[in-house]
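Got some structures for you, see below.
One chain, subunit A, appears in both complexes that follow, with subunit B as partner in the first and subunit C in the second.
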Partner chain A sequence: MTLERLKPHLPWITLLALVLVVGIGDSNFLKPQNLIAMAADIVPLFIMALGMTFAIYIGGIDLSAQSVANMTTVIATVALPLFGPFTALLCIVAGLALGGVSGYVTTRLLVPSFISTLAIGGIAYSIGQYLSGQRALYMDAAMRDGYFGWMVGSSFGIPHELFIGAVLVIAAYFVQSRTVFGRSLKAVGAGEPAAVASGINVARIKIMAFAISGALAAIAGLLFSVKLSGGSPTIANGFLLPAIVAVLVGGTPLTGGVGGVINTLIGTLIVAVIRSSMLYFEVDATRQQMVFGLVLIIAIAMTIDRSKLRVVK
Partner chain B sequence: MNDLLTRDMLVKWAPLIVLIVLVLMFALIEPRFFSVRNFARIGISSAPALMVAIGVTFIIIMGSIDLSMEGTVSVCAVAFAFCFLALGGTLWSAAWLALPLALVVGAVIGLINGLVHVKLKIPSFMASLAMGFVGTGFALLLTGGDRVRIEDEAFRSLLTVRWFNFPIMCYVALAFLLIAWFIQTRTTLGRNFYAVGGGEELAHASGLNVNRVRVLGFMLAGVFYAVGALLAVGRIGIAETATGSNFMFVSITSVVVGGTALWGGIGGVFNTLIGVLIVNVIGNGMVVVGLPGYVQDGVLGLLVIIAVVLSTDRKSVDFVK
Partner chain C sequence: MYELRQVDKKFPGVHALKSIDFKIGRGEIVGLVGENGAGKSTLMKVIYGAYQPDGGTITIDSVAVRFQNPRQAMQKGIGMVFQEQSLITNLTVMENIFLGYEQQFVKFGVVNWKAMAAAARAQLAKVKLDIDPNMITAKLSFAQRQLVELAKVLTLEERVDGDLVILLDEPTSVLAKEEVELLFRLVRELTTRASFIFVSHRMDEVLELSDRIYVMKDGEVVDVVSAADANVDAIQHKMVGRDVDKQYYREQKQEPYDADRTLASFDAVSLGKKYRDISFDLRAGEVLCLVGTEGSGREAILRTVFGLETPDSGSVTLKGEEVRAFTARSGVEKGVGYVPRERKVEGLVGGMNVYENMTLSQMRRYSTAGVLRLGEERQLARDWIDKLSIKTPSEHKDCGGLSGGNQQKVVLAKWRSGGSDIILLDHPTRGLDIGAKEDVYDMVRAMSADGVGILLVADTLEEAIGLSHTIIVLKDGEVQHRFDCAPGAKPTLYDLVHYMI
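Here is the complex of A and B:
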């Protein structure tokens, strides 16, 4: 078995190995309640990573995800008394719009995605600061429970976040593998010039991918603000790195074209296990960022398809 | 007349025109803006940013990008502060050794950055972004989240002592600007940056060791980030994990707005000076005329997009990721 044939299976092997190692080290880890709590905790991050998958799948990146989620927590908190249940819609539309603008700037104005999304992130950050008046805001508890309480409750011992995550990943998987749009995404990610030559409207596909990324970042922000019962323009800081790590360790390379949403599910679980293992083995929380940064480099180096890069800039 | 209005001329002079228009506009709205006192304030906020932006200018000229500055600046600042305090805590003792040491730390981080990018063949934006996260994490590890205070009067004279109304740190920044200009125009390395940025395959074919130039570029950038870190510490007297925060957005914006093309090969350190001044005049001017400071990020975001669009020659770009 060569490394090339082993590669697609590495993510879940890594996950299994990590779970075993941590499980042996700490017997409490494998208890169902613990695993469920861990999975429920990671859902907002997972949703953001799910969106990021679409941006990376087409060979781009979305560095605005964290700022969009930040902005959404503020929008959700501010809009809840005004719009009630339609707040969710407003949040998603805001994310969709900002993602769409990122896509437009990238494809029509020819600005590389890491710069365009960085810039759009700056705009989202400003909007969040403006709407919040630079303060942390709190939701009215009764309203939150009335309209969005279902998001954070639990049935049969399973937190509802997991259902939300499951619905989204199934929807994303359906889009990716069972629709023309999904096929086009793969074509664009696998080789853009070929996709252009075969008559795909590449610009439209890419704009839609960035819009989906923005919308899912917004949903992540919404869920996060409901969970914490409030919003602030910096509340989701620290999400960007693990979200990118989740996509890449899952096996979707920076060059796009292979991998996908199921890979990101596995990648997010790897991130979750690494995180909780650091708690169990009493690794200082301050080292987490360093560890994730190194994991990111390793993951990129192992997954990236160098034959696609004529020169590595 | 047509010669004056070509795209090239516009791109070349637009940044300077924008800067002058901005200064005039703010001066008209609020006369207090146009005072030596306020210009000194702009100078103080520009000095560290200019150093960091110059560092990344070299990288962008090569057509690569470096997003590690936040982590690098934090690590350099914290490493400098610890050594400075350990070696005596005042510039008039062995503690001055902490200054060159900070530059060495910057160079080493740049070296690692460059090696990860070149040897592992990872696109520079991702390699450096990841290294930046590692750097911020490392700075946090060193400080444990604490702030390290530098109260030495000799070191703080960077801010407190003024010549002709401007603090010493502005002159230090100018000196390093001239060094950067010298490297850019009068050394082989400087010219090699343009060769790599102008066309990597051509540079390679003409016998240039492109990978070596790249790694050296990242090291040089690291040294300038370290200078930026020293000025940032001199400005507020505190070294902490957050010393580097916001440098990424501001420095990339400055470079691009100054007219250095993201595609490489065009622009230079004086463009970056104009860009840094534009960014800081906007930041300062908004506060002076009474707009809230946070609008700045949004305005800068728009400016970046406009600047990149203007500086892109659409005919020469195949497709964009």
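Here is the complex of A and C:
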């Protein structure tokens, strides 16, 4: 079997291999309780990566995801006493709007998405700092439990985060594989000129992809703030790199068009296993980003479709 | 001096050069003519080292040589003046002239700009161009840039011992008449320094400048004539000439079109430098072919009808309604289908399967509230796979993996299944083998019979004549002549070429 044929299967083979290696090294790792706890822990990152998938699937990237999540933790904490349950809606709308602006800047002003989303991320980060007064804020415990307690509870020994993640991935998979929008996303990612020449409104599709990415980053932020019962403009720092890693090791290349949300699910699990194995091998938390940086480079080098690149800058 | 013997070059599916013999003597100017796709550019690329031949030998002064890349060819004295100019416009003239060869002016890692400027001035003097070598290239006119390119190639004279061979690829295409004359005078003077190979579409220019002329067709040299006894007619016949089999183009199936039903019309439409003052009507059942050389405006007209280009003036009418918004989306909604030349880039999405590609332009018709009805899509694909006998294991096959002919059928099925009745065909048979070409011709006739109006840019002139009801000949963006092509009373190749060049 050649490498080309093997490529689509690499993500789950990698996952399986990692699980076995870590499982043999650490007998506690494979216990159901540990696996469930590990999975629940990774859900906010997974949601962010899920959004990122849409941006990368069309051949772009969303570097604002982490800042949008940061901002959302602050908005959620500040808005909770004022809006109650509608806080969730506010957060999602804020994420949609910022993502939409990124998309607008990318498609109408023709600014590449890595720079437009970086700029929008700067704006989001600053909004978070401004709203929070640069302090960590805390939620009123009673209100949090009343409105959003369901997000972090557990039923039958399974944490609710896992249900949230499952619902989102099923919805995203449905959008990707069964809707006109999902098909258009694929066409834009795999062959934009042909999509244009088939009368697809490519700019609108791209704007929607970035808006969804923003909205999912906001949902990730909301979940953070509920879990930690508070908000701060730096709470999600360190999540951007693992989120991108999750998408790419899952098998959605930076050039877009192949892969998708299921790949990101596998990719996120790989990230989760790498993380817990670092704990097991006692890699210091400050050094974890080094590992993710290296994994990112390897993943990009292996997945990127060089025939789509004219020049690498 | 420089000689090719039985040079062969093959690409997947194409035999681009068939046993070419070619030679050029010291100080000689050799012309090279042929239709698009005759193999001129491949031959040039072999000569200046961009391609390596699969067979045959290249000799310089009877010594065999082999070039891995253009730089090695340059070291043997072979330089190329590109048609699409190769100067980097934000560098100065002298930086361009010595691009890649700055080392001669470097001392202790620093470029001696004065020395470079002086050397550049000497080169510019060879082409009689009196400009400051420190100028930014973008500020030069096209004619000046052409001369700078020539000067750049002439730097070989100092670097190489031995003779120079300089290739000029369509050097006159962007020049005005006086500039062409200047260039020709210069080239003649420069024959004391170099030999030239001159490639052009314009037969009169080739005859005027060249000492000998190679005529190419289908990857072969079909004739070599000396300019003294050259005859334009004879060369043109050689260039285009095999006997055309009328059956091949399905002429017997050509039915008269419906003159009362106009599907698309142009009224005095102009677009920048691409075309000017174009008017025509496309009727139901008509095959209207736009004929002209590369850059004569054919493709731009097709892209305007589809909505990918917005004209500056004039009015475009589709099915009785004047077009206001020029977007592909509105074109598709009006029932226009575009089969582009770049099949794999614009025609279909590689990585998507047959049914996904077929419904790409009409997903709304196969969805409810944004959710696709996959079953119906697959059924549609199966129907059209049968109807056009597309060779694919199933409707789930990735279109990128189909053969060229079957890809073309998928593109046609995409538009026809959506009910498009204005079909734009840009080189629909490019790169297809003969059987697949005949399938395309059958489809053209079938569409005509269904009352579809077809705007065609054909791959060859024979194809244009064989398929069309009407031919419009374009040159430099303007209509030269209009031919009616009723079966049995079709214009000849020569009639067309006469207006094209």
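Here is the rule we use: the second predicted complex is superposed on the first by the 313 of 313 C-alpha atoms of A that agree within 3 Å, B and C clash if a C-alpha of one lies under 4 Å from a C-alpha of the other, contacts with A are read in each partner's own complex, and residues count from 1 in each chain.
We adopt the following convention: a contact is a pair of C-beta atoms (placed from the backbone, for glycine too) under 8 Å apart; a residue touches a chain by one contact, two chains touch by 3 or more.
Keep in mind that this is a model prediction, so the values were computed, not measured.
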item	value
Simultaneous placement of subunit C and subunit B on subunit A, clash or fit	fit
First (subunit B), second (subunit C), both or neither touched by A:Arg178	second
Touch count on subunit A, higher of subunit B and subunit C	B
Which superposed partner A:Asn34 touches (first subunit B, second subunit C, both, neither)	neither
First, second, both or neither for A:Pro193, with subunit B first and subunit C second	both
Superposed arrangement, angle subtended at the Cα centre of subunit A by subunit B and subunit C, nearest 10 degrees	70
First, second, both or neither for A:Gln289, with subunit B first and subunit C second	first
Touched partner set for A:Ala119, first subunit B, second subunit C, both or neither	first
Which of subunit B and subunit C A:Thr234 touches, first, second, both or neither	neither
Distance of closest approach, subunit C and subunit B, by C-alpha atoms in Å	5
Shared subunit A contacts, counted only where both subunit B and subunit C touch the same residue	193, 196
Residue ranges of subunit A touching subunit B (in the complex, touch as defined)	59-61, 105-107, 109-116, 118-123, 125-127, 129-130, 134, 192-193, 196, 202, 241, 254, 284, 286-294, 296-297, 300-301, 304, 306, 309, 311-313
Footprint of subunit C on subunit A - complex, ascending	178-181, 183-184, 186-187, 190-191, 193-201, 257-258
Touching residues on subunit C, where the partner in the complex is subunit A	306, 308, 328-329, 331-333, 338, 340, 342, 345-352, 356, 360-361, 363-364, 367, 370-372, 374, 414
Of all residues in subunit B, those that touch subunit A in their complex	63-65, 67, 116-118, 120-127, 130-138, 140-141, 144-145, 200-201, 248-249, 252, 256, 262, 264, 292, 294-302, 304-305, 308-309, 312, 314, 317-321
